[in-house]
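To start, I am sharing the structure in question, which I have written as C-alpha cells.
Should a chain be cited, it is by its letter among A, B, C and D, assigned in written order, with residues numbered from 1 in that chain.
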Amino acid sequence: MSTTAATRPVGVDIQESETNRSVVEAIEATNEGCTVQHMPGLVRITAPGRLVVTRESVEERLGREWETHEFQLAIVSYFGHIKEWDDDEIVIAWDH
Amino acid sequence: MTIAPKAPRKLTMKQRYEALTRDLDWEPSYVETSEVFPYTEFEGIKIHDWSKWEDPFRLTVDAYTKYQAEKDKRLYAVLDGFAQSQGHLSLTEASYLNAMKLFLQGVTPLEYQAHRNFAYLARHLNGPGPRFAALCQSIDEMRHTQTEIHTLSNYNKYYGGFHNYLEQHDRVWYLSVPKSFFDDALTAGPFEFLIAIGFSFEYLLTNLLFVPFMSGASFNGDLPTMTFGFSAQSDESRHMTLGLEAIKFLLEQDEANVPIVQAWIDKWFWRGYRVTALVAQMLDYMLPRKVMSWKEAFELYFEEQMLGGLFQDLAFYGITPPKHVEHAIAEKEVLSHQVYWTLYQFSHAAAFTTTFPDAEAQSWLSDNYPGTFDKLYKPLWDKEARNLEAGGRHFVRGLPQLCQVCQIPMLFTEPDDPTTICQRHSEYRGEKFQTCSDGCQWIFEREPEKYVQAWLPVHQIYQGNCGGPTVPDVLAWYGIQEGDGGEYKGSLDAAHWARWHDAADHSHIGSEA
Amino acid sequence: MQYELRTQVIDPPRKTFDHLVKRYGDRPASRYEEGTIDIQAKENFHYRPLWDPEHEIYDEAFSAFRLTDPYSFTDPRQYYYAPYVTSRAAMADAVAATLDYLDSRDLLSRLPDAWSSVMGELLVPLRHYESGAQMVSCDIARFGFGTTITQCAAYAAFDRIGNAQALSRVGIALGGGTAELLGDAKTRWVEDASLQGLRRLVEELFLEKDWGKALVRLDVADRLVYSLFFAHLDDAAIDGGAGSYSLVAQHLSSWFADHRKWVDALYKAWVADPETGAANKGLLASSTAEALDAALEALRPVAARVDELVGAGAGASLESTATTIRETVAALTD
Amino acid sequence: MAVNSIGTYDFPSRSRQELYGDDQLVHVWFQENMWFCASACFRAPKAMTWGDFWNGLLVPYAEEDPDFDPGARRVWTLHGEVIEPRDDQTLEEIGVEHKDVIGMRVLA
C-alpha cells in the first residue's frame, strides 16, 4: 500500500470552544475537501495531503487581529508535519 | 549623531526567530567543543551541521510567556470554579476516578522526569535551535506536572488512591512499569532520549495515550481534567514537532544514523506500546461512560495516522515500521481484556479499585470486540459471577512473575494464540531472564547490561526490601490506606459518593432546616 | 441557591497529599508546595545512565554542596509554573513597551555616540553571555538535587534566554530594525580583546561538573556584570544624557533583583544546614573567592573599555562590587 | 550486542540468586487455564521438597480458582521437557534452578 504525500491525510484536533469556532470555520472554508468530525471536547479536521490555516481567513471570521502564534491556544494535536508556521499561514502536510 | 533609517522594516517571524534564538551560539576556542558537549558522540550519531535543525514554531520567549500565561489563566479559573462548586459531585460515578488515580500515580511523575531530562538536552545538544526547543519543552513538562497535581489535588481531598502518589511511583509494583520506562529513557544518551520520548512517545503514541484520557474526562463530567488535558496537549503539539524534527534531522544528517535510529524506533515503539496497556484497560473497563474502544483508538491513532501516514513519510529515509508492530496489531483485540482481568485480581494490592463489569458494560465489550469478548473473556466473567454469588471475589493470593523489561506481570499471550501465555527466556552471564513477548525479549538481548539492573517489585518484595514479608507489610510500605484499593462496590469512595449524593438531594434540605 | 449552600458543607476527608502532611502537618498546602515539594524521585532507580555510569539518575553526589533535607530550601518567590510564566509575560510586555517607545521616538539613534558604542560593542554582545548562563542553569536544573532548587534553575535558564533575546531586540532596534548589528555583536564577542576574558570565563564554566560550584561561579560573575551594566551604568547614562540606555537597563536590573532572591535563599539554606552547614560554609567561601578572582580578571578589560568610551568610573565600580561580594560572603560564612 | 556507554558499564543483576540465600525464585506457568491471569512467582528453599512446594505454596495459590481440583492429573514441564516430580524430591533434585519456569497443565 503506497500513498503519496499529496493525498495522504493530515489533520488537526482543536479544542471545542466558542473562541475556537472561528478558527474551525476558517479552516473549513480554506481547505476544500476537508472533513470535520466532532468528538467529546474536540473537533478533528482532516484533509488530503495538506491543511492550511491562514491568518486572513481567521481574522475575517473573528473580526479582530489574530497572530498565527495564537493557534497554539486552540490546537490539541495534529498528524502530519508542520511545514510552515509564519506570520500569515500555518501549513500541515507530509514531506514525502 | 547617527541617524537610523526611518520606518525600518519589521523582521518576519522567521527572521526574528533566527536572530533571537539560533544566532546565540558561538564556537568555543578556550576549551574544546567536545568537552563542552561531552555526551553527543558516544551513541554513534553523526551530526555535520547543527544549523540544519528546523523549528517550525519559531517561538521566542515573549510569545511563549504571553500564550502560556493565557493558557494557565484559563485553566486555573476552571480549577477554582470546580473546587468552589463541589464539581466532583457531577462526575458520572466515583469509580471514574480510578482512571485519574492511575494517571496521577503513573503519568504525572513521568512529566517531571521529562522536565529534568529536557533540561539536560537544553544544555547538552550542540545547536542553539534544538536547545531552545528542549528548554521550552522542559518547562512545559514542569507545567504539566503541576497542572496535573493541581487538578487532581481537589479529588484527593475527597477520594482515596491519590494521597501518596509520589512515594507509590517509586515503590508500587504496577507503577514500576511507567517508572522503568522513563528511567530507561533518562539513562540513555541524548539522541536516544530524543527518539524515545520526543519521537516515539510524544509523536507516535501521545494521541493514543492522552486523547482517550481527555475525551474520557470530557465524557464523564471531569471538566478540570479535560481542561488541563487539552491545555497540556496544546504544548504537546510543539513537543510532537520537536520529536518529528529530531528524527528527520538525524536521518538527514548522515546515512549511518539510519540503522541506529531504526533500532531506537524499534525499541521505543515496543517499550511505549507496553505502557499504553494501562490506557487500553482504562478505556474499555474503567470509564463508566465509554468514549471509544481501545481497538478503535489504536486503529485511528496508530494504524491510520502513524502506520498509514507517518511511516509512509519516513520510508523516504529508509525507515520501516517498528519491529514487532504486527504483534501489537494482533493484540488490539485482546489487550484491554487481559490487562483488566489482571488488575481486577490484583487491585487489593493497588491504589485504585476495580469491579465486575455489569451487563451493560459487557454488552458494550461484546459489541466492540465481536471476535474475542464473548468467546474468550465472557466465560471468565461468568465464572466470576458465580464466584461472587458464592461469596467469593477473585483476588490473587500471591505474586505474579514479571517481565524483565516492561515489568508488567507475564499476562500477555502468544500473538497467534490468545489462550497461551507467552514466555520468552534469555540467559545472560549464567542467569535466567524471562520476558513477556518477542518485543521485550529483543530489547533485553540488545542491552542485557542495562536490564539486569531492573528493580523488579516482585523480586524486591521477596528480598525483603519492601517493608516486610507479608502482604499487609508491603501495603503499609506502599502507604496504601483503607479504601484505596480492592473492590469498588462497598468501598469508601462508593459509600461517600452515595452519601454525598443523598445529602445533595433537595428533599433533605427542608428536613434539616 | 440553597442547593449550592448545602453541597458546600461536605467536609473533605483529606486536606492534602501524604508527603506534605508529613512535612508540614495536617493543613491545606499551597499550590507551590503541592507542585514542588518531594516531586523528584527518591529511590529504586532502575538503571544507571549510559553517559555517566558512576551516578544514579538523581544523585546528591553531583555536587559537593549538600543539604540534609533538600527541601529545607524553598523559593522565596514561591514560583511554580503559572505565577512564574505570568510574571515573565508581564516583564516581556514591559520590555516590548520600552522598545516600542524607543523606536517610535527614534531614541536609540539619538544616543550620544559613545553611549551608542557602549550598547553596540558591549551591551548587545552580552546576549552571548546570557546564552551561556542559560546552558549553565540547565545543568543545574538537570543535576541539582531536589525540585525546589532545580525548578528555580530551570526558570532561571529560561529567563537567561529571555534576557539574551531582550538584548538582541535592543540590538535589532539599534540596528534600525535589522539583524545586522547582531552579527557585529557576535564578531565582537568572539574577537574583541575587551570581551575575551568574559567569553573565556563562560567557556570554562561549561566544564564545571559540580552544579553547586557552577551556580556560585555564575552568580559571582552575574553580580559583577549586572552591577556594572544595569546599576552603575544606568546612573552614568542618565548623567551622560543617554536616558534610553537607562530605559533598557531598568528591566534587566529588576529581573536580577528578582533572580537573586532564590540564589541568596539557597546560600542561606546551605550554611544553615545543621549537619552539612559547616562544610558548605567552607565551600561557599572558597568557591566565591576563586570565582571572584577569575571574574574580576575577566571583567576588568570590559570596565576599562567602558571607561575609554564614556569615562564612567566603571573600573572603580567593579572593584567596589567585588568588595561588597567579599563582605557578603564573609558575613554568611564566618 | 553490548551497550554504548561512556566508561565501564557493568552492574550486577538485581535479581541474582545470591540475594536469596539458600532460597531461589520459582515461577509457575498455568497453562490452558485463563483464570490465572499471569504466571506466578514464589520464593522457595532449594531444599524444599516437591510435596511441600505443592502443599505449602502452590495449592493455597491455586485454590483461588473455584474449579481447582488438587487431585486432578497434571502434566509438569521444565526446560521444555515433561517432568514427573515425586513428593520427596527437593526442587534442586528435580533440577529447578533460580527463576526457572515450571509449566502446569491439567489433563482433561
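Here, a residue touches a chain if its C-beta (ideal position, glycine included) is under 8 Å from a C-beta of that chain, and two chains touch if they have at least 3 such contacts.
For reference, the UniProt names are A = MmoB/DmpM family protein; B, C = propane 2-monooxygenase; D = Phenol hydroxylase.
As the structure is a computational prediction, the values presented were derived from the model and not from experiment.
Trainee: Which pair wins on C-beta contacts, B-C or B-D?
Mentor: Result: the pair with more contacts is B-C.
Trainee: Can you give the whole-Å distance between the Cα centres of subunit B (propane 2-monooxygenase) and subunit D (Phenol hydroxylase)?
Mentor: 32
Trainee: Distance between subunit C (propane 2-monooxygenase) and subunit D (Phenol hydroxylase) based on Cα centroids, please, to the nearest Å.
Mentor: Distance between chain centres: 57 Å.
Trainee: What whole-Å value do you get for the distance between subunit A (MmoB/DmpM family protein) and subunit C (propane 2-monooxygenase) if each is reduced to the mean of its CA atoms?
Mentor: Computed value for the inter-centroid distance: 39 Å.
Trainee: For subunit C (propane 2-monooxygenase), what residues touch not just one other chain but two or more?
Mentor: 48, 50-51
Trainee: Which residues belonging to subunit A (MmoB/DmpM family protein) are in contact with no fewer than two other chains?
Mentor: none
Trainee: Would you give the residues of subunit B (propane 2-monooxygenase) that are in contact with at least 2 other chains, written as numbers and ranges?
Mentor: 39, 42, 66, 189, 450, 453-455, 460
Trainee: Which chain pairs here would you call touching?
Mentor: Pairs flagged as touching, ordered by label: A-B, B-C, B-D, C-D.
Trainee: Spell out the residues on subunit B (propane 2-monooxygenase) that touch subunit A (MmoB/DmpM family protein) in their complex, using ranges where they run on.
Mentor: Touching subunit A (MmoB/DmpM family protein): residues 12-14, 56-59, 63, 66-67, 70-71, 206-207, 210-211, 214-219, 226, 230, 233-234, 236-238, 240-241, 244, 248, 291, 304-306, 308-310, 312-316 of subunit B (propane 2-monooxygenase).
Trainee: Using the touch rule from the top, collect the residues of subunit C (propane 2-monooxygenase) that touch subunit B (propane 2-monooxygenase) in their complex.
Mentor: Where subunit C (propane 2-monooxygenase) meets subunit B (propane 2-monooxygenase), its residues are 2-4, 6-8, 10, 12-19, 31, 34-36, 38-51, 57-58, 80-82, 85-86, 88-89, 91-93, 95-96, 106, 108-110, 112-113, 116, 127-128, 131, 134-136, 138-139, 141-142, 147, 150-151, 153-155, 157-158, 161-162, 164-165, 168-169, 172, 174-179, 182-183, 186, 189-190, 199-200, 203-204, 206-207.
Trainee: Mind listing the subunit B (propane 2-monooxygenase) positions that touch subunit C (propane 2-monooxygenase) in their complex?
Mentor: Residues 1-6, 8-11, 15, 18-21, 23-31, 35-36, 39, 42, 60-62, 65-66, 68-69, 72-73, 76, 84-86, 89, 109, 112-113, 115-117, 119-120, 122-123, 128, 131-132, 135-136, 138-139, 142-143, 145-147, 149-150, 153, 156-158, 162-167, 169-171, 176, 179-180, 183-184, 186-190, 450-451, 453-455, 460, 479, 496, 500, 503-504, 506, 508-509 of subunit B (propane 2-monooxygenase) touch subunit C (propane 2-monooxygenase) in their complex.
Trainee: Which of the residues in subunit A (MmoB/DmpM family protein) end up touching subunit B (propane 2-monooxygenase) in this complex?
Mentor: Against subunit B (propane 2-monooxygenase), the touching part of subunit A (MmoB/DmpM family protein) is residues 1-3, 5, 8-11, 13, 15, 39-42, 68-70, 72-87, 94-96.
Trainee: Would you pull the subunit D (Phenol hydroxylase) residues touching subunit B (propane 2-monooxygenase) in the complex into a rising list?
Mentor: 1-6, 9-17, 19-20, 25, 27, 29-32, 34-43, 57, 60-61, 63-64, 66-67, 97-101
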